[in-house]
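Data first, discussion second: the structure below is written as structure tokens.
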Amino acid sequence: MDMMKDAMSSSEMPMQGMDPAMMQETLEALSACMQACAMCADADAAEGMGRCAGMCADCADVCNTMMRMMLRMHGWDMQVMSSMMQTTIMMARACSAECKTHAEMAEHCRMCAMACDQAVMAMERMMGSMSGAMPRA
Amino acid sequence: MDMMKDAMSSSEMPMQGMDPAMMQETLEALSACMQACAMCADADAAEGMGRCAGMCADCADVCNTMMRMMLRMHGWDMQVMSSMMQTTIMMARACSAECKTHAEMAEHCRMCAMACDQAVMAMERMMGSMSGAMPRA
Amino acid sequence: MDMMKDAMSSSEMPMQGMDPAMMQETLEALSACMQACAMCADADAAEGMGRCAGMCADCADVCNTMMRMMLRMHGWDMQVMSSMMQTTIMMARACSAECKTHAEMAEHCRMCAMACDQAVMAMERMMGSMSGAMPRA
Amino acid sequence: MDMMKDAMSSSEMPMQGMDPAMMQETLEALSACMQACAMCADADAAEGMGRCAGMCADCADVCNTMMRMMLRMHGWDMQVMSSMMQTTIMMARACSAECKTHAEMAEHCRMCAMACDQAVMAMERMMGSMSGAMPRA
């Protein structure tokens, strides 16, 4: 489903220099990251990995909120969006780093770290392309 | 803050037989339950209590969604609201039962079970008072 | 990404008769529905369609919670899961019905109704296959 | 309910210089802001105020995520927390500013702006007191 592409091409809103394909890719990376983090937090808890569980649960919520903010185009404020995207990048990096410390023994952590890294890459590409439209905080 | 009371008294929407004070009380019980569940899930994870962590994380999300649905009055569909409220009651009861099995050794579980029980009581009162307006599923 | 398939095949939890491919498909349908609903609610609001906006915002939250509950396998309680799935089906049907009343004039409503219908179908298939494992409420 | 105070006083985690009473106050302000924003977004939508609806829906999600991150103490990473808190302050300020442009004609906007302002004040006090523990981004 290419919702973002369809929505943006049919929209009359000024899209502030954003590439719909890049938006779609970022949404998918955030959604995959959110799902991997929710599963990882659940598995961590059963193994007593409290720090990883907490960070993954946080990362799931942050990615979810970032995704919803991207989808609500009428509410876009470029400064807020930019700040939230930088927070999401920082969160996903921290979560990935934590997961990597036990990726050898826990498959869910290996998959979660990968999903976090992909989300970071997608968001960084998007920040780059928006640099004209979005002020760095 | 008595938002619900103010909003409902100034609203021109038919409130379908609901008592604003009861709504407000239910919102507060759901909010407290969500917070207690989020904290309990976090603490459980550090102690390797995977089932309790999973149920508390679920209960936090369910209570949060129930609360938001109550606040979005223009979207109310009485059948959906009633079904969601019954699901929330069932979720909070299951979470409370799980927490009670280790309430003696974990203070966060004791507090979480109490918050769940209070949310159940508030929702049951509300379901009772709405029985005219809300169809039982 | 086939997280659910990998996670379930490597898991030692009794999966209670669930087919991982069907789980994955349902997760994807819920995620797409959540995204379509969030976008539709945003567009509705700009057009003054308050009822549709409220129902879509509710449906986005309900799908999101359902998805997270599916991902947290250690917290599964079959009665609660079944009740939440029935609520989600009811919510997505109500949201689809509302969106269809203005699908001719609003592309976002047409897409949202389609995403809701696909989520309903995926969940109904899953409920069917789980009928041995999950008690009907 | 003074969950945070109880939890922090019984916790053996290093609390990194945070005052439990201030934490509790901030949680309550975030919860009230989330609720006011969800209600305001719903009412805005019925009145065709698309920008206000989008910003309020975003602010509800951001406050909710901030609140949950505060409650999950095992996942605390001071850099991420600080960045998220700054984003939440920026979001609540932007939402308040938007709401104030129609606070005269819409009671829900007046209440929402007030709740946003209180959340900003609580978070700023907390940022101030944590300045030793939390690095500014």
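Order of writing sets the chain letters: A, B, C and D. Residues in each chain are counted from 1.
Here, contacts are C-beta pairs under 8 Å (C-beta built on N, C-alpha and C of every residue); 3 or more make two chains touch, one makes a residue touch a chain.
In this text, all values refer to a predicted model and were calculated from it rather than measured experimentally.
C-beta contact counts were set side by side for B-C and C-D; B-C has more. Farthest from chain A, judged by the mean position of CA atoms in each chain, is B.
Between chain A and chain D, two chains of identical sequence, the interface residue sets overlap for the most part, with shared numbers making up over half of the total.
With centres defined as mean CA coordinates, chain C is found 21 Å away from chain B.
Annotation: 29 Å between the Cα-based centres of chain C and chain D. Among the residues of chain B, those touching two or more other chains are numbered 41-43, 45-46, 50-51, 53-54, 57, 64, 68, 72-75. Within the complex, the chain D residues that touch chain A are 50-51, 53-58, 61-62, 64-65, 68-69, 72-77, 79-80, 83-84, 86-87, 90-91, 94, 137. Put simply, chain A touches chain C in their complex at residues 1, 3, 6-7, 10, 27, 31-32, 35-36, 38-39, 41-43, 45-46, 60, 64, 67-68, 71-75, 107-108, 111, 115. Contact residues on chain D toward chain C in their complex (touch as defined above): 41-51, 53-54, 57.
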